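The data blocks that follow each hold one structure.
Heads up, the next two complexes both have subunit A, just with different partners, subunit B and then subunit C.
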Partner chain A sequence: MELKSYDKYRMSFAPPTTSVKLVLLGEAAVGKSSLVLRFVSNDFQENKEPTIGAAFLTQKCTIGERTIKYEIWDTAGQERFASLAPMYYRNAQAALVVYDITKPASFIKARHWVKELHEQASKDITIALVGNKHDLVEDDNDGDDSSLRKVSIEEGQKLADEEGLLFFETSAKTAYNVNEVFVGIGSKIPEAPLLKPQQPQATDGRIDLSTGTAPAADGCAC
Partner chain B sequence: MNKDPHKSLFGDSIHNPSQLNHSLGSDVHEWSDETIEKVVSIRFGGDYNLFIRQLSRDITQKEQDIILLRDFYLRRERQFYKVCASHANLTHLEVDKLLDDIQQKDTVDDVLLDMISVAMKEPLAPTLKREPPTTISSNLAQQPDIEAHSSESERRGWLRGWIQSPNDLRYEWVRSTSSLHSGSRTPKGTEDAPIVPPLELVSMSQPGDSTILDPEELTNTDPYGFITENGSENPKRQPGDGSNFDARSSVSQVVNPIDSSYATLQEVGRRHDDEKQAIEARWNTFCNEVMKLRNERNQEETFVPTFGLKALELKTLDRQISFKEDSYLKRLQSLISKQGIPPGSRSKFWFELSGASNIRVPGEYNRLVELAKMHANDPSLIQSFNQIDLDLHRTMPSNVYFHNSTTSLPGPLHHRLKRILDAFVVLRSDIGYVQGMNKIVGNLLIADKRVTEEDTFWLFVSLIDEILPTYHGESYFSPSSLKHIRNAQTELAQVQFALLMPKLYAHLKQLDVQIEFITMNWWLLVFTDICNLMELWYRVIDNLLVSDKSEDFLKALSLGIFKHYEKKLLSLDNYDDVYVLMNRNATRNIGFRELMEITRELERKIGKMEKDRGKRWE
Partner chain C sequence: MAFFDALKERAVLTINQVFDKGNDSGLSKAQLFCIEHRIPDDETVIDELAAEVGVYSEYNKDAYKEKMGVSQGRIFLTQRFLIFSDAYDKRNCSFTIHLSTIKKVERVPTTDYAFALAIGTHSRIKLSFFLVGMRSESEKFAHNLKLALRANLKNIAKLQPFIQTCYSEYLLAKNKVSSEKVDEIPSGGLGLEFKFPGNAKELRDKSKMKLWFDLFKADGRNLSIVKTPMFHRLVRVGLPNRLRGEIWELCCGSMYLRLENVGLYQQLLDENKEKNSLAIEEIEKDLNRSLPEYAAYQSPEGIERLRNVLTAYSWKNPEVGYCQAMNIVTAALLIYMSEEQAFWCLHMICDRIVPGYYSKTMYGTLLDQRVFESLVQDTMPMLWEHITKYDIQLSVVSLPWFLSLFLSSMPLVYAFRILDVFFLQGPKTLFQVALAILKLNGEELLKVEDDGSFISLIKDYFHSLEQSAHPNSPNQKYRTITKFQELLVTAFKEFSIINEAVLNKHRVKHRNTIFLNISTFVKRTELRNLPKVKNIDQPTLGNIYDRYYSIVESNVTVGSGSSVMDFEGFRIFMSQICTWVNENDDNPFLRRLMNHWDSEGQKALTLSDLVVGLNKLIEPDLMEAMSNFFSLYDDKKNGKLDREHILQVSEDLLYITTPWKDAWELDRITEDAIENAIADEIVKRKAEKGEKSGDIEISSEIEIDKPKLENQQIERYLSAASTFIQRAFEYAQPEEEEALIKELAVDNKISHNAALDPSTPTYLNLPTFRMVVLADETYELLFSNTLRNSIRPEKPLDEKFDTMRNLKDMFDGLLADGRKVANKVRKRMDSAASSAINNQNQSLNHQSESSSLKSGKSKIQEEDEERDDDFGVISIDEKDKDLLLGAESHVVINTPDQATAVPKTQSSASTSTTKDGEKQPDGNLIEFET
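Then we have the complex of A and B:
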């Protein structure tokens, strides 16, 4: 506890930390939890237990002058739990929509998530489209028929361009491009509404008016 | 077989071996004198010495063959047991194939070498290992059977099966987090003590857990008294906090670690023995009473369950009782909440209380497994099958029974898990496979290895059909139940939490914590994640099986975990610390008995609230 108050004290001199609520969406086993694990602990586990419900983690990330504290909600991928997702992406300022570049179905699912986020999440949410498991296609030559790659970079980039998303191909296994995703998101997050730092977003239902971010879509989300 | 087949037990020092190639057969003793003389003169050129040598050689050869065969079949038999333990539902052909690797050894020397090397590996001083179990079981075995009537003593014998199974559960659980560090810290001198204590120690300590597992007292030892890496404060997430724990444990290392841990071990062992007996005695008394009553009531009927589904039979008994305090059901509930079902008889109780013994149809499971194989590509099932396959290698990756970390191969229970889940998907295609089931079945599988795969399957089915809450007649894992479970979380957070723990509620609310985000995970996983010490989860199931209303129990348990952390939670001042605290490691150092008693208390209150609300609506 002492540590924490000291932290606060120190922080009043440091550049303000902005908290960003970030949610991960995507089909089961595309590597959402692995990406988070890589980002938070710089670690990788071959047999990561499936996520059920949603897992919560935090990680700080410095971008230029700013420190961003990500409050990450890593959701479950199984279709069965899709209806729970609004619980977690409500009020989120950022989302990672993840697919597996070796699984075409996961890309289709990613499209759905992007659409749903645009319809249901807050209007100014920053979304990154992430094609994961890049390590599996690393040594591919172009036009190689035996390639494991099933979703091309171009397809991913096209979807991102159409929908106004950031786009990355990553590997949680080799750490390729993982930090870049979070740095990329961080630099796109507008500074203004986040200046209310760790302070709880006021109490009860009385938050919304003061902040631009909060639940514009709240009413229709569920 | 290309070695000299005649290399005998006693070496091959016999001269002129080429002449000794003609086995005489086994009936020389029945030959007439003339025949012997004839054979000697024709086959051995009249040399009796050669004849005798041949006889002796024949005998040795036969002995050798027998040794080889015996060794071969012994190894086959062992392999067969192993196969049975790790697979089930194999055809004869498959079994034969699996046993094919077992080859007959070429020479007796190989067998002897084998035996010698096995013998060399055996520890010379097994006392440390063997002592504690023998005291426990021999104590039990020596309990005199006072009963005179034969029928009565038979029943008691049967009852003893319920209560006094000497075998403790043994699950070898590789502790993923502690093993790395504890390896270097565990006392080195005790060679046959495992470096990483298997979880069986945790399970054995269960009766006295509230004293032994007292987090204040033994923060850096595991229940058996070995010094372990301190994990009480969730070190994974807060690496910075590790330093002071390190310091503490190294201090305790200085004081001769071997002696002190051995003493603790003995102390814990003794305490454990005593408590275990006391608890068993209490259970015995209770079961004897119930059995006697049941037998009096059901003279004619041959098959009457002792407790019945959710202990319904006890409710019938209770109807004859004039004083509420004597309620058998209440007594069972209280025994279970205080002590849990004794591990040795847990599976039997589970099987009856869950209703598995009622719904089980012999042979049906095998049929379902076969059906699952046949319909592997059925479009209505394939999604479930695929998801199961995705999740199998992600289920308990740190448990040796599911995943062998040295060979990276699936462990023996992996296959059982797959078959059980597949069979369930076939049986209940309306539900299909839902993530989280893998953990539940996984936990059930390691609960008691003596339970067959088939029985585990039925136990799982009845947990879902009979025990877990249902919503509008739909079972817990039905697609349509998800939103009801979600609503239950909202209600839990907004109503019961607010009314029963107003102070904590206000605090969490002020921090903007979404309580339902936390409890939702617990519910979807039926607490397998938050109660990730096996023994605690088994206790949860014990209590769930006799709870009056399972939804109330789950709510009470959720609140109970919060209640347990009330002080700590009140001291936190931002919501992510709350989320991090209430993650899966939260219950690591919880006293089981304490948690279960809080839970029971809360369950009572919730039940009463519901009743009052019901009345108000009327």
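Then we have the complex of A and C:
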């Protein structure tokens, strides 16, 4: 009952959804399209065809009392497609810079992308650094030399700290941390100026995408 | 690094081609001819004539045959081909017959004026040519044909083995309508083993096969086929599975490349077996991601074939290497083609049909996307307006269509149908189909307001292609027309106006903008990824970049991915930014710099090498500048310069200082002397007039002795050079005494003699080198200031006139900078009015010379910041400038005799003491001060 009345309240005072343009960047085959597929369809494909140019998908995500409609631009990762990227990150409010934690070169590429975004993209863009394919190192023991892991959490976190990025390690394959990325981004996106009703009890149950950690903070996290 | 290396490829050559060739397409007439007739680039037309052609065969009673009759057009002879094209419509009749397939040429008896030839080919068809025109021309053509056939004899051996690889030959031989013997099924595509996509029955594969069988009998096949309207029609309705590969390679001409280069494919694979490359890594990533739903690509065999073809191509054309989407195209080709067929076909696609699509900057893709947009704008203005209004990114849907030739967008069976036409008709097919897709969905598209709905609408359309286009039509015939058929009809009928000429017109229009965008992007990326350098700022890096590529690019071949600067280029580069380098200098110092900067040992410099090197060369910190210079000669990296090196250093210093040694540039000491002379003169005059203060007027009567000051500078540099070499050897240490010397605080007498004896190996270490340099004011200034200021990487590329190179300008600039002189005068007057005259006397006094220089020096440091900006820049009123310029006509000796031999008269010890007050004392230096 309460929810219903709250919905009405919200309908009348706040726009029901905020559209957020989000772009994915990162080296070829790090799993950008797979992350999107996981987020949008909760699915995974073992052999996903490379993205040619870019792909576009949308998905809604509810964080606290806000609903965010992500307009996702998934770009091609190969170097030579880089000259197309500006076409897609133009006006983007959020970006996921993805690397593969088993491929050091992809981490270097991620650095380049972060630099490029800082220089070329909108000033207030929210960027998340995402180390993907966590499933491949899951059952590795720490400090094991034969580990598939080639980029440590610390390295990722350090870059994120230096550049002011959100940071996640994910697996598109197992769905580990995938929704958290989008919820995390959403929480950092500044809300369009509007009256925000304080309805703490309404928060419960409205989170249909997160597993319960990040979304506690609502729209005004930043 | 690879990130920006890969981006270095530039489209400039395409543009240059446009301008060079003076025609729209950017291709020469000869190239266009080869493209039109799908023959290899190295063919040239030997002879051509107007002709009437008739085609006859044992089977020409077939129904469609009779309609054809005789075709009029032009016949061409090249080294390996006899080519004909109908004058009215190429589709009526055309052929590209390989000379190897010609079995017989006969002269046909005719009426007195006509000249006719009959030609028999291995396909057992007979062509008759009535050559039109002067008899002598016809005779000449016949003669040339004979010569060409003779010259081609050596190629005939290739024909038999080649025939064994053609499915058409197998088909005819099996049905016993061929004189050739082909027992084995030629190796073909993966489809033979893993099934061809689609339902063969639905596709009416058998009937299509039968039609082609008839066509081969009547019109010949593969290397000697005559393309009749039936040929075009049969391609349009879709090729049968087993023949598809062969007709593709025939239509695009890759068949001729395969014939010409038998074995090259395997050779490429063998030669590069163990090698690795960026392309190989990229290919490996995508092998499992290419048409993964097709069974063969879940098997090692399919993957292996895909790997082979992509790898071989990356070696064949390293400039393209591998681009995503090529995997999908190749995977598709391999369903219908053998590896070798697919390889040559891919080669044809990348290099000729859609050049630049897969290249490192993808300029072809970007350009054609722009062209597509403007075609949409022209042909569907309403839709275009809608798309722009809602800011919909058309390219997000259309780019993959073009890049993967629809293979990643449509169900495969349909994409293959489009490919059939694409190979026959060329790249315009892509535009025609793409426009038709938008056209057919136009109404719906006008309703969508964002990218998402736009994309999903098109996606849904592609998945409904098998449905009826008119499901509700009362007419049964209409109801059976599928959306795909409708698409083809719209594409090839309604958009038949989109031909090569139209495309070229648009391409030319947008080429420059696209190129500019790419170069801006490439520049930005490359600059961002340059190593950090402290002495060069961002705008200067931009200017270095421009200059680098202005030099490098002029000798780069099309689409080259690696631009490096050779010595020639380096020399030009340096001559443009350094006063002491001449464009034609082949100087050991420049060679040394280049070798030292060349980080990859490739006898060439990358942009990053150049930037890192320049950064060192213009080091402002004196100590570091000297040590950078020293390390240029420290070839053994042991901190020691031997005799040879010392001689080389002194020679190179002489070379570097040429502009000052020859006095067409002035260094700061000279400038200072000039300013002092002027200031002194003014003060003197004021004193004579009894003025104590008041306006400082720089009048035209101030006279200075220019030749004298120049001579002083010349002397100073010569003496610096000789002093350097003398001292260098004086202080060079014998190898074994190294330890001793440090403790002895130098008893020079002993070591001198040993050092000067060439038989004793001696060396100069860094501290000693520094000391020797610092002992000479001119050379010290060289490293602290003169050298750095003579290198101007910040100069923009388009700055044509170099003021610094001109002596007259130097003087004018200096004199014109009245402010500085005025300051000097003011200081002199302020310091003490009473000592004004004294001062004058002093400056005439030999004794005080060094102190006057010293004060000049400290001034240099004071003004350091300011100097960088106004060095040589005219910054006073026009009025004053005139006055000063007037001074040139009254040059009179009135400056004090500035000691030209300063370095000689001063002991090295006293100089270093002087310096010690100002500079960071060098630990090692102190030991020598006794």
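What we mean here is this: the second predicted complex is superposed on the first by the 177 of 222 C-alpha atoms of A that agree within 3 Å, B and C clash if a C-alpha of one lies under 4 Å from a C-alpha of the other, contacts with A are read in each partner's own complex, and residues count from 1 in each chain.
One rule holds for everything that comes next: contacts are C-beta pairs under 8 Å (C-beta built on N, C-alpha and C of every residue); 3 or more make two chains touch, one makes a residue touch a chain.
Just so we're clear, the structure is a prediction, and the values are computed from it rather than from any experiment.
Using the contact criterion defined above for the overlaid structures, shared-chain residue A:49 touches subunit B and also reaches subunit C. By the touch criterion defined above, A:109 reaches subunit C but does not reach subunit B.
Look at A:119: by the touch rule set out above, it reaches subunit C but stays clear of subunit B. Once the two complexes are overlaid on the shared chain, A:83 sits against subunit B and subunit C alike.
In the superposition on chain A, A:135 makes contact with neither subunit B nor subunit C. Shared contact residues on subunit A (touching subunit B in one structure, subunit C in the other): 28-29, 45, 47-50, 52-58, 71, 76, 78-81, 83-84, 87-88.
Residue ranges on subunit C touching subunit A, taken from their complex, read 2-3, 6-7, 282, 285-286, 288-292, 323-325, 327-328, 359-362, 366, 393, 395-396, 399-400, 403-404, 408, 450-452, 455, 517-518, 521-522, 524-525, 528-529. Residues 1, 3-4, 28-29, 45-50, 52-58, 71, 76, 78-81, 83-84, 87-88, 198, 200-204 of subunit A are the ones that touch subunit B when the two sit in their complex.
Put simply, subunit B touches subunit A in their complex at residues 240, 383, 387, 390-391, 393-397, 403, 432, 434-436, 438-439, 479, 482-483, 486, 509-512, 516-517, 520-521, 524-525, 529, 571, 573-576, 579-580, 583. Of all the residues in subunit A, the ones that touch subunit C in their complex are 28-29, 45, 47-58, 71, 73, 76, 78-84, 86-88, 108-109, 112, 115-116, 119-120.
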